[in-house]
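The two complexes that follow have chain A in common; it is paired with chain B in the first and with chain C in the second.
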Partner chain A sequence: MKKYATARLGLLLALVLAFTVVLAACGGNSNNGNAPADNNVTADNAGNAGQPAEKVKLKVATWAGAEELREFEELVAKVNASATDYEIEVQSIPADYYQKLQTMIAGKQSPDFMWLSQEYIAQYASLGAIAPLNEHVSTISNYKADDYFQGALDVGTYKNDLYALPWISQPYVLYYNQDMFEKAGVELPTNDWTWDDFIAAGKKLTKDGEWGALLNNIPTAMYTWSYGGDVFDKEGNITLDSPESIKGLEMYQTIVKSGIAPARAQADSMGNGDMFKTGKVAMFIGGAGDDFEKTTNFKIGMAVPPKGTNQVTFSWIGVTAMSSTTKNPSVAAKALVDMTGAIHQWKVVAPTKSGFDLIKTSRPEKEYAVETIRLASEFARGFNNQPKQGEIDGAIWEKLTQAIEKGDDVNAAVKSTIEKFNAIIK
Partner chain B sequence: MVSYGMGRRQKRVWRSIILYVLLGIFALSTLFPLIWMISTSLKSGDVIFEIPPRFLPDGLHWENYARAVIEINFFVLFKNTAVITFFQLLSNVFVSAFVAYGFARFNFPGKNIWFLLVLATIMLPGEVTMIPVFIGFSEIGWSNSILPLVVPGFFGGAPVFIFLLRQFFLSVPKDLEESAYIDGASSFKIFCKIFLPLSVPALVTIGIFSFQGSWNDLLGPLIYLNDVDKFTLTLGLSMFKGVMKVEWGPLMAGSILALLPVLIVFFMAQKHFVEGIKLSGIKG
Partner chain C sequence: MRSKKYTGYVYISPWIIGFLVFTIAPLIFAFYVGLTEWDTFNKPKYVGFDNYLDLIKDEDFRKALWVTIKFAIISVPLGIATSMLIAILVNTKVRGVYFFRTALYMPAIVSGVSISLLWKWILDTDFGLINLLLSKVGIAPLGWLTDGALVMPSYLMMVIWGAGGGMLTYLAGLQDIPGHLYEAADIDGANAYQKFKHITLTMLTPVIFYNLIMGIVGAMRKFGDAYIIGGAENEGRFYMIYLYENAFKFFKMGYATAMAWILFVIIMLLTLLAFKSSSAWVYYETEVSTKKKRKGR
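Take a look at the complex of A and B:
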């Protein structure tokens, strides 16, 4: 018994000792890895005549997972194969993407490139975490600013500087259940519908257990855009109380009061898209890339969203930004342009005018709608994002959207929203 | 009299029937998520959210398991998770016990203040220290390695476990160690020969907590590991939860595979949970 215990203790100590040795070895390794400045030379390329001796090593952080990650890695491998002066490595962040990203940035371990959703650009730019691209991309021949849709490029811009290249822009479009329209004898939506047409058709389509439309997806700001207003203008001034904005918000309240849509809580609990998929709702405004064509068994149609005085739609825009700590920004910017160009050949809907042919080949079920999506892309836009966009969105939801949906006075709701904005911005 | 007796018996039968039915319903309701998980792991992508839901609507889709294993390199991640869990378990159980022994049995200057400091670290949420600790580990070149996850435990164990074990050790009668001391045992020997064997149930309990905690930990590996081939299972499984689309079939299949070791460990160690505390060394 005594021997056994001693042997056990001995084993334990041996394990701890062994572990300490492993630890020392590993520590040495990662120390090397931590000094990228000395490590830029790849063995293959060093001293290879006719080619630059050094390949700049770059990392791109992505939220892509599983299959999407593999596709992205293949794409990056292809970009690397045709590059002479850089090599990109994909870094997968499969959960809590922004938490990890912010920790890495704080720890001076920022990846050279990062995928961002539009609402983070202003924040990261104002904190100096990402670098302005203008001076670098202006010299790169395959960067074509004109090819981008303006709305997509705008969200990559903060205080007139370009900080990020968009790689996807999914404009919101109006999907409709053609069977329900035909059954109710209502004329199909067209690309020049107004919100009034939308309400009129919605009323005819609403009967027990069935609704004309679903509104939950639509950002409240989009109604202000419809009449030429906005929450913030491009310079960051609050314009939520402009007559145009108010008019848009009043239209939103009119739509809610018309009763053509199920209450928000009810629609949320049933799954927004699912209500449309199961034929309970005739019209749904959602991303052009949604897979309704494949998952529904009725005839589906698509038009651009209704307009007020302006034709406009919201777009979900993803971008890649470049870290302000990247070692060789001019080579990195070139790599960013190449990589973004390659993503435009992969992701639907690309934020570029030349990227549209891809829809027909990679999403053949969307072929019927290519022209509608192109039209929507032309006037699609994101928010005029502010450095504290997360809190701004919270204030809009709390003080504006809910108040309007409850039937409160629009002007009063706008006033209290602006008060909250001012408290946040200060 | 007779009818009264029958009535009582009948009453008892009825009472058991009701009891069993109720217990059965509760048991089913607790098992339901697991059953649902298994059925989801065998469904094809489109039918998971069908209303009304069906358990196995379109045959058994075993390919979800194949995808879970291949797409996230399951066995590599399994090995990584096992390595991290092993070292965390080792440090949590033995180093914590060692430190707890010190707090329970030795008198040294500022003992109570030190103990209070250890307790204070329990109150501090991990999110608060995450970034400074991350910066510290990157400075010494330990980011993108498992070292920040396993080494700290060897320098003091885990505060919660230290607290639990200290309380447990305090309840060990002094007479036991005094007699060992008279027989010439050193303090370290007393720790190994008396305290550890007496605390097996407590150590096993802590071991299970620790195992479960590090097996299921997401944030730690997420923050410190960058390369996919260093990832743990929780990170691998998160890959099926995309921003745009969640692949429920492979996610559930992978979760079941990742759950198996936890279940096995739990069933193996289960008897220690109910064994009670062995403190029968003293008589009179």
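Take a look at the complex of A and C:
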């Protein structure tokens, strides 16, 4: 009898143990998040309502850490010093940024502002976590929509409403190793290069242990843009199977098959930028703010990326969005405009026309390329991000990019990608 | 008498309250969440068992489950066998055995993240240690993490490497085996294999059983290293990784919670199976001796 009793007790304990370990994380999160959050909200409300003369306290969440955080804190301190009606506090989340942000928002403890990478904007906007800015910023004198490059402002827009102010827009440009070009007797890249020119030069530069180009950074969507296509159009319709998109994707496959670039896995493991820095590849398409000029010992050149039928490039765009739960949205919007304006004086490349010339002073090594970067900024753009962009990106990588790189039929890959899109969007 | 009984409950109430508030309540809440569509920012929307039905149709879910089960089926016995072997080796009386014990136990005391980063480098196609060694004998570099077929073997390699951590319980089990059993076996003329099978292995079954249960639970819940190391063709996307992605990348907390419940049921069934089978192969010395004592009385 005792044996059975012991076994049963053991069984029960084991079950409880299994139960706890599997679910503690999920259940715990929501519970831990909720309770203290409500208390804080009440406390904050009481503070603001009781003393209207006091500055509105605002929090900005950032993924910045270490040196970047220190610089950002200094910048925010300066903004605070000249502000009369608000005070911004920096909340640094250098690790697991989006996970923590999501938990904070779920726990009704959302920071008033949050840095976002472009693919999160549509998602956060569609879920109501961030607030549309139009009505607030339109009355603010130092907010100048015209000053922003259109592509940067577009990614902050969801369903015709502006949800976020871009603070950086790094257009992708074509860096080249001038020494390698000269040694191989190949003409230097120009701003009117087509993908065919790119392949032709790449072939001449590819030899044992050296490659013509490195493409891993380029998002697959950029090839569709090159020929006037896109993955989704601005209204959110799937256009991946349009003839223009297919043409762009076929060009991508042609480039891969031409053998001018190392295989993705190899380049990833060697560090994409490092391969260019160490003179293993002659051309590298990457962000205009990369620090190659300082870290390489060869002569470096820059041009805009090659084109298909359209001249376009991808841009890495970072934005700050405003929480939909911020208590005083009009003051918060003013703070957001001030803070964003200050970041434009700090981050390279600024997404504004007026912030542009600062490159010469803040990054003197980029002076030779200012006009190229300006040109690229004018036609640079981000994705037409969708509310389920996270899953969509996964589908593009899994069904499209890998299939094209493996040499599978482009049309078939597009078909299976769209099937997956439909399953995600349904 | 009665009041004394209640005093007892008062004493254990901190635990009971903690258990109810931090375990039972979240469990009930989690069960409800599993029946909803919840983006975490807005109120959950009740959808009945739709999440569970969608999961059955979800090819990524099936793939993640298959990867995890495959890993569990191979890694648990592999881990047990390796740990036991190491324990037996370091239980011998040779010079420097303490050094080996310490060295082999090292993986258990190093943080999971640093181990993962270390292995990411070891398995690297171009700069990795393994490919460097292979190149010395003329073997071309293998894509340990970039070739889908090699991802699982890579993770199994890590299991073997970390087996020293499991050694401790076996070592304790081995040292608990009374020497007189071996002496008696020697007198009866048993050979080394017979001694291993009938004494060592039999006496170790409770430890093996414990490691089996913990191994199953651990393998099914694999997350940390896979999160850092990954692996091509979704071969490194274990169940918990996909669960995490749904919860925190795709904003599908209801779906993710439904996954957690399915995982719970799977782990529970496997644990149950192990417990049911245990009477056939697990030998508890204490039970027998208690019985003997009782009989003696």
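We take it that the second predicted complex is superposed on the first by the 374 of 426 C-alpha atoms of A that agree within 3 Å, B and C clash if a C-alpha of one lies under 4 Å from a C-alpha of the other, contacts with A are read in each partner's own complex, and residues count from 1 in each chain.
One rule holds for everything that comes next: a residue touches a chain if its C-beta (ideal position, glycine included) is under 8 Å from a C-beta of that chain, and two chains touch if they have at least 3 such contacts.
What you see is a predicted model; the values in this text were computed from it and never measured.
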| item | value |
| --- | --- |
| Touched partner set for A:Ser138, first chain B, second chain C, both or neither | neither |
| Partner chain(s) touched by A:Ala95 [first = chain B, second = chain C, both, neither] | first |
| Which of chain B and chain C A:Trp63 touches, first, second, both or neither | first |
| First (chain B), second (chain C), both or neither touched by A:Gln150 | neither |
| First (chain B), second (chain C), both or neither touched by A:Thr295 | first |
| First, second, both or neither for A:Thr278, with chain B first and chain C second | first |
| Partner chain in contact with A:Gln109 - chain B first, chain C second, else both or neither | first |
| Shared chain A contacts, counted only where both chain B and chain C touch the same residue | 2, 15, 19, 23, 26-27, 30-31, 99, 102-103, 106 |
| Residue ranges of chain C in contact with chain A within the complex | 22-23, 25-27, 29-30, 33, 39-42, 124-127, 143, 146, 213, 217, 221, 232-234, 245, 247-251, 253, 256-257, 260-261, 263-264, 267-268, 271-272, 275, 278-279, 287, 290 |
| Residues of chain A touching chain C in the complex | 2-3, 6-7, 10-11, 14-15, 17-24, 26-28, 30-31, 98-99, 102-103, 105-106, 123-124, 127-129, 265-266, 268-270, 388, 390-391, 394, 398, 402 |
| Chain B residues within the chain A interface of the complex | 46, 49, 51, 71-72, 87, 90, 94, 130-131, 134-135, 138, 140-147, 150-151, 154, 192-193, 197, 218-219, 222-223, 226-228, 231, 234-236, 238-243, 247, 250 |
| For the chain A and chain B complex, residues of the former touching the latter | 2, 5, 9, 12, 15-16, 19, 23, 26-27, 29-31, 33-34, 63-70, 91-97, 99-100, 102-104, 106-109, 271, 274, 278, 295 |
